[in-house]
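Same chain, two partners: chain A is paired with chain B first, then with chain C.
Now for the complex of A and B:
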């Protein structure tokens, strides 16, 4: 049996089972470029399927990466029929919530007047972790839509996540929510009828019913996120100590959540040995340092797909550049034969 | 026979008190008897963790990142094992303490209580009558129960209690009580001197 692991993401790109692909890592290591690249390669290799790339990072970059504007609703990438993008906007979602509350309470009374000024959005916007919660709500909404057959049906959703801390909070949400709902369910079971009468016969809110629905949705997500055939996490890092340190922390946390993680993309590598144009003292010294950490990565993550990606001469922006760059995720980058590409990208802009 | 009972009572009181003095060694005793494997396992894990930590401190994370991280993973793994071993030890310790207190109840507390009830009035030695007030002599010979029983006795045999004999016997119950008080005082004096 061959136990060697390929140094590319071909298995993931051609995977027909994965529904959720998370891409995460420390800030500034190329998460957005990597997630766009994965999404593009998946979409190209499986043209009959629909893919959705969601940015859950409050500081969105998808629009910049593709060079076109995306919003809170999924929109197809120009030039690709089966890839859509969306950027979850917490402030817009909070404003929607506020407007709904205003509509329910009406105006004229004290609460309605207060909400008219966006008080709910202001208050909830300052809650720690609200961005992650809203991203999570988006995932739930997406699953519900898929089940009900509403809107566009996506076979795989790729998440361009926020830096590590935010992402871990996001991934912890199903577990936390599940525990919270379990406790709340116990309390509501005892006081359910009383709660229902408090919240109003007028509005006919069935708290228990809503709780059970939310609980079953959360359980479904938890189950899907921990199924390695459905969900995987791709770590992105650069060959530097702090980035590796955070990657290790991320991997250990993900393992503790029972999430599948077996791919690491190492970005911004100089490959100075094989590139005649990178021969400055500084570049050679930096490549030496990168090689030192690459050796450590190979030793530590020998059973992972470790994809080594080059530092390009220019910014990797626009679909054309992304397509050129992303193919190395599928085939792997060979510094001896492929180094021309990193200068070609520069020429195109 | 009565002499044996007296000696048994004295030994029980002294042993019970001695056990109280060494109660802070109870964990060691419990560990040695009941939870030795669990304690040894915990000790072993803690020792291995300490050794790994020392190794980790001796290398630079930046120069030998892979080695440092592997040690970190091993430490994290041991932390998990440490938590489990601690929980196991706590459980066996609780079981051991429960067994120890049951043993103490059966071997010391219960026999002493029985002796007080059944052989409490056994005469240990006698004092010439008239040395102490009559009430005290009654307590010395009958035990503390005599005070409780005094009203009933007055109803059955009204009038002052007549002396029955020339000597006042000191009963076992009072001896146990007096011995306990003496040991209490000695303990207090020793503790005061030690401070």
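Now for the complex of A and C:
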């Protein structure tokens, strides 16, 4: 069997099995552009399916990348019928939680009055890791909605993730939560009836039931995230020392979580050898440096889909530019024949 | 290529990729990258290798359940050893996993927390974080639960005296009575035998009552605070020495833990207030407060006497 790996993401773009696609890497390497490009290409190649692009990065860029405003609720990208975007906003989600708590407690009592000022949102908003936890809750909510047949049904969800550290914490959550819930389950089993009586018979909160439901949802996500047919992680990097090092660390962490990772996008390459217009001393020196690390990438990741993407003359913003740029993810970029596109992008802006 | 062949190819490639990260190769991959730079201070210790070298039961279990060849290598080896043992000795039910050799006093409840704390440490050394990572909400929660147990133990220890057996209520009552007695005698001696006569002489209009000049110097109003404070320091030191010896003889340590503040503090979950060794600091502050309050009480008594004696000397 031929085990050569193509230098593009055609397999992923045309994949009919993948439900979750994570796109991540070091800060400033082009994660958002890459995740938008993957989402666009998947949506274009499978027009009958619905795709959702979620930004879990607290510093959202999706709206700027597409040039239109997205919020905490999924909204279709203008000009694409089967691609929606949403930006998880921790502060908005916390405000919702606060309002819900106010509605439940009512005003007039001390707690209700305290919450009126958004105290819950303020307190919880400053907790470290709350962004990842909320993103994870969003995923759980999405799965639940899919199961219950509520709202729009998405076949594949693409995550534009935060820089590496945050993303790893996010991906660790199912494992951590699962263990935590197991312990809570044991404790709640012993004290469940007592806790129920404390929380009030009127509300009749079935703590055990809720814990079990949460646990089964978390288990489901854990299973799905470690199934290579359902989930994959696309690493994005640039051809530089620190970025390469962090990519390798990221891949090793993902392997340790049993997550599938088989694709690497190397962004911002100059391809100065084949571009007559990039012949300055600085560009040539930089390309030489990039080639050094590209050689190492080729050596280290021979079994990965390594996609080498060019540095464009202009910003890759707006659906039109993104569509033009993203096709190289599917076909691969040939510096000899495709370099005109780099300058075409600039003209369109 | 058919769908089956495609998935087979994907599986083979996946296995080949995972093999390249196994057998300690992960660290050498990182070393290869850092070797590109002359002055690199980046760690070449792989998260995979560090986990393989110190496997925890939970991680191994997780890897086994999901079928990762990388993480399964150790468990496969262990399984081989186990099968060889079974072949030699006949059927024998293994009671523990080969990797996990729990200590006799190990608390299974704490295992999970210890492991999670370790995971958290690993996360904090992950790439992308220029500064030490802030622990996430769940890790903090677990840390808090873990610290709660430790705090409970230390609080129990504190209430029972340092490392001592539980105190009998009658012994404690007797001790408290002797401490109260000591306090009463100290106050009585101080007030009746020193403060009262001293204030009398300080406020006396004719201070030439002592034959010795040096004694007259001591009763000068300008020297009142020096004399008073010196006396307080001496008497408080003596009082605390006697108190400590009483505690020693009764084998009870109530200095640190008998106050309501300390009892209330023991109910606060550790980690809630971001101060290290809060109990020790509060205990020390309480001891200082005890000293200051005794000094202030004496001072208040002295001021009261000054007023009374000045009125007395005036009439």
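The rule we apply is simple: the second predicted complex is superposed on the first by the 349 of 349 C-alpha atoms of A that agree within 3 Å, B and C clash if a C-alpha of one lies under 4 Å from a C-alpha of the other, contacts with A are read in each partner's own complex, and residues count from 1 in each chain.
Here, a contact is a pair of C-beta atoms (placed from the backbone, for glycine too) under 8 Å apart; a residue touches a chain by one contact, two chains touch by 3 or more.
Keep in mind that what you see is a predicted model, and the values were worked out from it rather than measured.
In the three-chain model built by superposing on chain A, chain B clashes with chain C.
In the superposed model, A:303 makes contact with chain C only, not with chain B. In the superposed model, A:332 lies in contact with neither chain B nor chain C. When the two complexes are overlaid on their common chain A, residue A:71 makes contact with neither chain B nor chain C. Applying the stated contact rule after C-alpha superposition, one finds that A:58 touches neither chain B nor chain C.
Looking at the shared chain after the overlay, A:228 reaches chain C, while chain B stays out of its contact range.
Of the two partner chains placed around the shared chain by superposition, chain C is the only one that A:260 touches, whereas chain B remains out of contact. Between chain B and chain C, C touches the greater number of residues of chain A. Once chain A of one complex is fitted onto chain A of the other, the partner contacts of A:241 extend to both chain B and chain C. The clash between chain B and chain C in the superposition falls on 77-85, which is one of the stretches 77-85, 95-103, 149-157 or 167-175. Residue overlap on chain A between its contacts with chain B in one complex and with chain C in the other: 241, 244-245, 248, 252, 293, 296, 300.
Looking at the complex, you find that chain A touches chain C at residues 1-3, 5, 11, 26-27, 127-130, 132-133, 163-169, 172-173, 175-177, 179-180, 183, 226, 228-229, 241, 244-246, 248-253, 255-256, 258, 260, 262, 292-293, 296, 300, 303-304.
Contact residues of chain C toward chain A in the complex are 5, 7-10, 12-14, 16-18, 20-21, 26, 29-30, 32-34, 36-37, 40, 42, 46-48, 51, 58, 62-63, 66-68, 70-71, 109, 112, 116, 119, 123, 126-129, 133-142.
Chain A makes touch with chain B in their complex at residues 241, 244-245, 248, 252, 293, 295-296, 299-300.
Partner chain A is touched in their complex by these residues of chain B: 61-62, 64-66, 69-70, 72-73, 76.
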